[in-house]
Amino acid sequence: MVSLFYLCDLFGVAVFAITGALMAGRKAMDLFGVLVVAIVTALGGGTLRDVILDRHPVSWIRDDTYILVATLAAVGTVIWVRLTHPIPERFLLIADAFGLAVFTVIGTEAALQQQVPLSTAVIMGVMTGVAGGVMRDIVCNDIPLIFHKEVYATACIVGSLSFIGLSRLDLLPGLATCLSMLIVLLIRLAAIRWHLALPRLHLLDRER
Amino acid sequence: MVSLFYLCDLFGVAVFAITGALMAGRKAMDLFGVLVVAIVTALGGGTLRDVILDRHPVSWIRDDTYILVATLAAVGTVIWVRLTHPIPERFLLIADAFGLAVFTVIGTEAALQQQVPLSTAVIMGVMTGVAGGVMRDIVCNDIPLIFHKEVYATACIVGSLSFIGLSRLDLLPGLATCLSMLIVLLIRLAAIRWHLALPRLHLLDRER
Amino acid sequence: MVSLFYLCDLFGVAVFAITGALMAGRKAMDLFGVLVVAIVTALGGGTLRDVILDRHPVSWIRDDTYILVATLAAVGTVIWVRLTHPIPERFLLIADAFGLAVFTVIGTEAALQQQVPLSTAVIMGVMTGVAGGVMRDIVCNDIPLIFHKEVYATACIVGSLSFIGLSRLDLLPGLATCLSMLIVLLIRLAAIRWHLALPRLHLLDRER
């Protein structure tokens, strides 16, 4: 179970590093700038979660596999794109959906291991899933995806709640994890594909 | 005394959640996006303070009252606005002033409990008051209020210093807290009402 | 050795406070706003490093020399500019290069003291050097220098690696520190002077 958690974490690190590299490359940064943004995107969410939960040492502080995976994913992305051709923007959205799915569920799981209340576990799940991407978007001076994309926070909240529910059932080890990742992923992919959206709210009058 | 601290903290959480919900609604986010922004705004400042002061567990990690209050305030704001009509932008500024007043004084108090130097206590007060709102504005891609609004940091610094001074006097328990909150609030409300401003500085030449 | 570390840290705090004050002044903030931005810029990077490495108390929490130095540097900058004339924008870039050099090396050193893997030490070095300036730029709503300026991350990574290499050699105490600071500084100054840049990457196709 620990092992599945670890592998998923590394997978999330890899896909988020790819999204970071793509976004930084889109902003025409140089190689090292791309590397920095990739690492921030890949490790930002988990670091924030561990610091707030006081889980020290933070994952990548003692285990350099994390930074290695993020670096390889970023450099691999750069090489791949130079050898072939620029990647369509849609690919970034899809990779982001994978990272979101993995990190949301892993964040919820990590919080539950600390015996926190359920609402806290949901918040930690959403934060772990979203924070790396938000840092990527802020550092690259883009409007964060969470703000302008369809059902983004919704997918995280539903996925986190699903994991909490499913992990209460007596399923095979790892099944709750995989199923709830799938739920987040499908919601986001469906939203990207068909431009699904919940009704938007307009709460503030623009007088003055 | 602990109880007053706790109640004030929850009040600050509620008003900042309202400002977060209003700002997110202004950006036409969906319900869950509004919820996420409300919670970030409400809990961001206190979380940052506790992490830097190494006060673990962070308030809302073990006690789900915080998240509950923030959620209710956000959902209540959404329902209220849908039932009546959009809220004037000025209301957001006023709610923000209440949150600023409460969190600045509470942050100063929390830091003093850790026997830090006075300058540190002032910084922690300003940070607690300001950080949630700055996160709200950054996530919503707005220019942070602290940057473009009248005497914003000034109100915090004066309020924090007032609390440090007043808490040295032999006042009734809680009086120093309430008085210094009132000072921050009045400074901000006066600044909003009459567009008060300290002289602005222009330190950089725009050659090139 | 501790003493050199401490003095360098304070020097970095002073120059970053100056850059923060200049940037805030450019945005025409009032005196207290300038002060807040200066302190965030000066203490942001080191705080982030200490929180992630779980080095508590964070430097400035117990020792108010840090806040004092940052405040004096900010107020001194304001007075200096009012007495003479606005400072050319180039000066901000140069002061930023000094801060970057000092904090990158100090961050690497602090991480190595915790016996972390080398890749972690490089990341902590880059983060310590860059984070304060990124916070300054985000709070002031500017595009972070790290994103649009020449060989910015590159200078940090080279400097951090140099320090790791040089500190393995049997040099005079402090020499590795000073030499690698000089390396970061020279790379950035050369980049500013001759607009040096690594090839930029364009990884994303702008369809849609």
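Letters A, B and C mark the chains in the order given here, with residues in each chain numbered from 1 onward.
We adopt the following convention: contacts are C-beta pairs under 8 Å (C-beta built on N, C-alpha and C of every residue); 3 or more make two chains touch, one makes a residue touch a chain.
Every value quoted in this text rests on a predicted model; they were computed, and no experiment measured them.
> Superimpose the Cα atoms of chain B on the matching ones in chain C and note the rotation angle, 0 to 180, in steps of 5 degrees.
Rounded to the nearest 5 degrees, it is 120.
> Same or different for chain A and chain B, where same means more than half of the interface numbers show up on both copies?
Since fewer than half of the residue numbers are used by both chains, the interface counts as different.
> Taking the mean of the C-alpha atoms as each chain's centre, how many Å separate chain A from chain B?
28
> Got the chain B residues that touch at least 2 other chains?
Expected reply: 51, 138.
> For the complex, give me every residue of chain C touching chain B.
Chain C reaches chain B through residues 21-36, 39, 47, 51, 56-58, 60-64, 67-68, 71, 77-78, 81-82, 85-90, 92, 138-141.
> What residues of chain C sit close enough to touch chain A in their complex?
51-54, 114, 116-120, 123, 126, 130, 134, 138, 143-144, 146-147, 151-154, 157, 197-208
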